[in-house]
Amino acid sequence: MIRVLVWNEFKHEREKENVAAIYPDGIHATIAEFLGKEDDIEVRTATLQDENCGITKEILDETDVLIWWGHMAHNKVPDEVASLVRDAVLEGMGAIFLHSAHHSKPFKLLMGTSCNLTWRESSDSEILWVIDPAHPITRDIDRYFCLEGEETYGEPFVIPNPDKVLLIGSYSGGEVFRSGCLYERGNGKIFYFQPGHETFPTFKVPAVQSVIRNAVRFVAPTYRQVIACPHVRKITDDEPYVIVKK
Amino acid sequence: MIRVLVWNEFKHEREKENVAAIYPDGIHATIAEFLGKEDDIEVRTATLQDENCGITKEILDETDVLIWWGHMAHNKVPDEVASLVRDAVLEGMGAIFLHSAHHSKPFKLLMGTSCNLTWRESSDSEILWVIDPAHPITRDIDRYFCLEGEETYGEPFVIPNPDKVLLIGSYSGGEVFRSGCLYERGNGKIFYFQPGHETFPTFKVPAVQSVIRNAVRFVAPTYRQVIACPHVRKITDDEPYVIVKK
Amino acid sequence: MIRVLVWNEFKHEREKENVAAIYPDGIHATIAEFLGKEDDIEVRTATLQDENCGITKEILDETDVLIWWGHMAHNKVPDEVASLVRDAVLEGMGAIFLHSAHHSKPFKLLMGTSCNLTWRESSDSEILWVIDPAHPITRDIDRYFCLEGEETYGEPFVIPNPDKVLLIGSYSGGEVFRSGCLYERGNGKIFYFQPGHETFPTFKVPAVQSVIRNAVRFVAPTYRQVIACPHVRKITDDEPYVIVKK
Amino acid sequence: MIRVLVWNEFKHEREKENVAAIYPDGIHATIAEFLGKEDDIEVRTATLQDENCGITKEILDETDVLIWWGHMAHNKVPDEVASLVRDAVLEGMGAIFLHSAHHSKPFKLLMGTSCNLTWRESSDSEILWVIDPAHPITRDIDRYFCLEGEETYGEPFVIPNPDKVLLIGSYSGGEVFRSGCLYERGNGKIFYFQPGHETFPTFKVPAVQSVIRNAVRFVAPTYRQVIACPHVRKITDDEPYVIVKK
């Protein structure tokens, strides 16, 4: 059973009518709903409104995959929470950062760069092209899928060179964007996925749900543990290493 | 002085009127002309029509950067010529493969994959977006440049994961393509650059010329030598390694 | 069930007494034996002595993971066999190249480089250090394991920059070597693993068996298919693409 | 002229006699001395003892390459200083982190991982092997160089998969370590180099000086600028993009 925690800022949906019309219970509820239908996935949610953002070391210890959506209130997330998330990823927890979470504190901590990107408020349509058709995350997609409307993200996207680019988006206005990027950091796998602006029903699109579902299974750890980097001492050839107790 | 050899299949230009109208002396002549204006570059050309394709070990030894264009006659290039090119790249010679040279024998030898791609005969326009704006190859380009017409290349493009993707093309029909890809193999640098279908005056476009000029300077070797992998023998601690003569 | 084909040159074992003493039925038999004990693995073997090296397209179609050991007779393997192996890997077949298979034709075809390395005939002992302790291939190993004797391989090793280096070997004579290297080519995963000189009982060492067992499971395809790169035609917006029949 | 700033914690040298005996004026002074002999390099130094660590935005704006050594007082460096360094690297400033600077704040910020490693207090000798003999950083080294004594660093080293591993160290106690690692982050190049424990005269060893000298030239920016990620607006096809003023 893969234990997923869907985290959402949950502000637009409560403050803007047009967003509430699409996601009345919040983006997290929509994501939790389609993931919850899977036999091998169990879902909880947390939001910025919860105490300590709904995130503690204990909760992360019981989370296999954290999904993160945030946009207008990244700075309201305490640094300590961001550090907890980073540490859990380094231990092996999978993480999926959606859309504007490119500027979230945990993503920026893990990347080490500004994570800036070019953008344009638009109602451009987007085609997401599969670059790596055999990858477990894109396998159910044929050659591409379309979104009728999305906010336009453009290059440059100031991230470390991804381990793999799985999807590239092309917008009707002409821009392109590395829309599906994979990383490993410590024992953890990280997937950044670009679609999901709050004013479009992106998380109700079957292909988007399919990518997220696949990504949950791909980034879920089969192993989780702080990487041991012991302070060692060599004694003899027969008993070559001893861990030094402090 | 960077010594460039521009290799061209030189068949379309001699056999098809519409191509001859654009490149009356061949694509190689057009490329040689704009590169030849640079103070630090000297250019020679060779074509499939030359004896042994105009390529010998001696010629490659005197070549810093090989530029390759081919399309309909890849199989007319002898395997031995392709191997000579690969070996020269491994020693440090730079190589730039243009457009349909993705299916050329030397490129496929160096990549180890099929190098297949999806394509569409079209007169789509293309926007080439800069992914890495500080890279020496893209530095003179602002955020993007446009081509009025190009053959449409699409993903998947069956290449090894590039060391860096410098440019992504987006076509008016919606496709995207990793249009500028960097590799290192042995001591040599390799740049694949997608634009350049023979029915369009692509190699007369200033931004295309700028990318090729930059690429010549970037892939040119500062060091060229077969990587020595000696058969060694350890003698004593004072004289730890001796190369074993056969 | 993972269908493994263990391929062995099988010459040293028949021609040299000291090798026959260690591997009386051949290296392939020893590998097949320990893999065959696993419930999820079924093993066949083939050797250079078999007709067409025991390798046809049909056999590879029924192979999930090919393991390859060769040393003194790489050139006896026909180019066609090497190409069949490469094509199967691009479709998704996993491949594990052991020790001196760094110079085998299929490995060199897939890498595109000389795959030369420095070496020393020695009876150095070797310590293999785990670089990526959470990786499925190294997970059962603690921090390192030791081999009492191995042929010394040294850097430079002229391979493309690996996707991941999982193990680095250090020899008692002081050399180091990238002993466990992962690649993806097309849909296929490739693992190069350095230990396994024919004059040492390396393939009887539990840690070596563990790495090979793990690697079989890791490189086994969950998906296998030629990557489709269709020639397409755009018709209308409603029916945007049609595959062009030739 | 490459403007180098050598930063040193400068505590061991003032507090411990055995270190002061080797580096009476501090590690920074030794590094500044050998770099300062180069015609194309000009060197300044700064230490933890300087106001604000001797680091301001203005100083970094005039720095092409920052070299960092720190060990026992990483936490005395204010977070703001670490952020300034990271931002300068993203703009294009080169950075070289030496030895125990693996745990410095700026390096950890740029990597996004714990940067933990295994270690052993020892007086092991170390052999540093060249993995990439044609790289500008290792070019002057033959196959390897030796250090009579160094602190032993071991794997796992919890860093993102390097863009390139240029050097691997092997210690007389048997450990190995990825001793020369290259990264790019934003417009900046980063080189981590393992040798340099304060109790050994490592920075007086010609080969170590050669690697640092080469690295200064390699990571020095040819271009420095914040990567522009504008907020854009599309108007017409003729004038497609306008940067949105806030």
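Lettered A, B, C and D in written order, each chain numbered from 1.
We take it that a residue touches a chain if its C-beta (ideal position, glycine included) is under 8 Å from a C-beta of that chain, and two chains touch if they have at least 3 such contacts.
The structure presented is a predicted model; accordingly, all values stated were derived computationally and were not measured.
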item	value
Co-neighbours of subunit C and subunit B - touch as defined	A, D
Pair joined by more contacting C-beta pairs (A-D or A-C)	A-D
Inter-chain centre distance, subunit C versus subunit D - centres from mean C-alpha coordinates, in Å	37
Distance between chain centroids, defined by C-alpha means - subunit A, subunit C (Å)	34
Where subunit B touches two or more other chains at once, by residue number	118, 133, 143, 154, 156-157, 161, 163, 174, 186, 227-228
Residues of subunit A that touch subunit D when the two form their complex	86-87, 90, 109-114, 116-122, 154, 156-158, 160-161, 163, 173-174, 183-186, 227-234, 240
Contacting residues of subunit A [partner subunit C, same complex]	92, 133-134, 136, 139, 143, 163, 186-187, 222-223, 225, 227-228, 241
Residues of subunit B defined as touching subunit A within the complex	118, 127, 129-133, 143-144, 154-157, 161, 164-165, 168-170, 174-176, 178
